[in-house]
Amino acid sequence: MVPMELAEALAEAGRRMDARGWVPGSAGNLSARIDETRIAITRSGVHKGRLTTADIIAVDYEGNPLVPGQKPSAETLLHCQLYRLFPAVGAVLHGHSLAATVLSMQGGITFANYEILKAFGYATHELEVRLPVYENDQDIARLANFIEPLLQNEPPIGYVIEGHGVYGWGTSVEHAYWRLEALEFLLACELERRKLK
Amino acid sequence: MVPMELAEALAEAGRRMDARGWVPGSAGNLSARIDETRIAITRSGVHKGRLTTADIIAVDYEGNPLVPGQKPSAETLLHCQLYRLFPAVGAVLHGHSLAATVLSMQGGITFANYEILKAFGYATHELEVRLPVYENDQDIARLANFIEPLLQNEPPIGYVIEGHGVYGWGTSVEHAYWRLEALEFLLACELERRKLK
Amino acid sequence: MVPMELAEALAEAGRRMDARGWVPGSAGNLSARIDETRIAITRSGVHKGRLTTADIIAVDYEGNPLVPGQKPSAETLLHCQLYRLFPAVGAVLHGHSLAATVLSMQGGITFANYEILKAFGYATHELEVRLPVYENDQDIARLANFIEPLLQNEPPIGYVIEGHGVYGWGTSVEHAYWRLEALEFLLACELERRKLK
Amino acid sequence: MVPMELAEALAEAGRRMDARGWVPGSAGNLSARIDETRIAITRSGVHKGRLTTADIIAVDYEGNPLVPGQKPSAETLLHCQLYRLFPAVGAVLHGHSLAATVLSMQGGITFANYEILKAFGYATHELEVRLPVYENDQDIARLANFIEPLLQNEPPIGYVIEGHGVYGWGTSVEHAYWRLEALEFLLACELERRKLK
């Protein structure tokens, strides 16, 4: 159901995220757009550093598994939402990093004058970019509804759920991973800067 | 004496703990329940990042080695206690992480509003969970006796021994490792937060 | 066009930099002098932890690709400048580390009394060495022109571009990597010291 | 000249130290006692993460290479001294860690109430252990002479040279590495504790 190449790319991205310490326990979820009706996503309750292609399942754009009985990640609707709203998005990666978790509990997050902001398509480092922090909610449908107009009004470079983690995306699994690395780098820098103040 | 699959799972968990820096020197000990009379546990004086299946030995529920002359970890009684008290526990992992060691020397540890608390079976992140810190004692039988009523009255998500390290557990070696990763993530976040205050 | 041995040495240096977390996303660029007319350099838009020899292309000392259509790193002119000014330089490595990025945003950087300063050819640790921090500029030709007299007047042990990252170099790829490790170690130490003050 | 097993053990210890980030550039040196007249030690100017057995050479107890023309580490005399003074020492490992370097620049280092102190042969954690910090000196013979009476009066668990790094040792290469891991763990904990104060 899921193209093997896509499943392998997601499993590898999981290993890279695990090597950085961004997916403790069974945290995190990873997905990629298959086509206009299907999304590949990690199933619920697996360690993201040890994914096999069998752990990547197919869902429709409402998050329903295409093979009855398969159980996608609890946060599947947040992935579906990004594919629905943004046609350029080809992959979505969500992890729980220490920097994202700690900073999200301190209030707003803004990045200014970092060269690496260019990873998000900006032509200059001389700008200030806000990373939205949304309140956590165990009702994922309600959380998705809350986020929807905010994403549409001002498409961000990614977002953070408070006490929870980062959502990053890109045109492909590889591109999404690059942007996630850039985002995590920015978060780690900000965390360090706050210890110096 | 120890099923090969269990010994291999413990050896692998040791390598994962070592890769995270949680078992410096010969610190730490790892175990799994074999059946209602036997426990598999690391022998004394080995590096947990380089365990072979020969380093995993069998003990009874009083911590006596089943093969005379074999020497289990000095803290074997703390493992036995968890298997005796909690039938659902299938594996116990103990490591010395930097975050656990440093925080345990600062007094009480409480986690509030972290999404990853769900790794411990909670249905929500909106709660405050206390991680018990017990005073260190070289007399392990005495330490086990001291802990016993506390564990029974209020079964915790794990516990810390002051200046010493974390005890985590789960239904299987893999599940225990996931919960240990979640616990260490929480401890690392708390340590960072205290540097910001 | 690029000697295979040189391309492989650069690809390996990229993997080592990635393992240390110094090249998030597609950040960083690596180069080596081929001869008096050619320089080998990473092409634009690749992850430095996954370089293949096909990602290393040849440019002249003005930064023009020798194979039409190939696209070298955006910062190629900064590499060319170092080869032009300093005949002993055989390789140049540029990465975006957390310590370099954070410290460069805090003003001047000076290293005093570190044994590891000897990695830069000093015979003693009893000295104070300044690491220049240059203002970031998206116009690389203008940035190179600004830096040129400063490099000539007082050749530094490396330099940092504000909010951007480190440039390090050595007589060979291996030597450049050693000096980069030493430089990053010094930066990481300074960052820690500022948290203690 | 150097037994292959010993050379391989030292090369492996170098890789483990490099993986922890304790030997940046060509920093660090590693040795092991061969017999009552010979010591195996890393040669000068090699990266400790990429040692081959050819990089391990033999010296006498005065630090002279047994094969003319071979160049042992600049700090060979500090290794020889430990083998001469302490018959139980079978291996000596010296690295430049961030924690050791930063803490040594802040004055005295004392460890109290850590369970892991038991790695150094103590029967209890209830004690306070001082880690000596000696002033750095490029004249290694003079430094060795200065240290000699201090080592004899009160044999420490290891020592630190200011702004420079740690010397650790044990009965074998493996044991020396375990004790170095324990020492570095203690140093890392102390560094964290000072950020909380």
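So that you can tell them apart, the chains are marked A, B, C and D in the order they are listed, and the count of residues begins at 1 in each.
Heads up, the rule we're going with is that a contact is a pair of C-beta atoms (placed from the backbone, for glycine too) under 8 Å apart; a residue touches a chain by one contact, two chains touch by 3 or more.
The structure displayed is predicted, hence computed values, not measured ones.
Enquirer: Would you kindly count the fewest steps from chain B to chain C, each step being a jump to a chain that touches the current one?
Expert: Step count on the best path from chain B to chain C: 2.
Enquirer: Same residues or different residues where chain A meets chain B? The copies count as same if more than half of the interface numbers are shared.
Expert: Different-residue interface.
Enquirer: Taking each chain's centre as the mean of its Cα atoms, which chain lies farthest from chain C?
Expert: B
Enquirer: For the two copies chain A and chain C, what is the rotation angle that overlays their Cα atoms, in steps of 5 degrees?
Expert: 90
Enquirer: Could you work out how far the Cα centre of chain C sits from that of chain D, in whole Å?
Expert: 31
Enquirer: Need the CA-centroid distance for the pair chain A / chain D, whole Å please.
Expert: 44
Enquirer: Note the residues in chain B that touch 2 or more other chains, in rising order.
Expert: 195 - these are the residues of chain B that touch more than one other chain.
Enquirer: Which residues of chain D touch chain C once you look at their complex with the stated criterion?
Expert: On the chain D side, the touching residues are 21, 24-27, 47, 96, 98, 101-102, 105-106, 136, 138, 161-165, 191, 194-195.
Enquirer: Looking at the complex, which residues from chain A come into contact with chain C?
Expert: Within the complex, chain A contacts chain C at residues 20, 113-116, 119, 123-125, 174, 178-179, 181-182, 184-185, 188-189, 192-193, 195-196.
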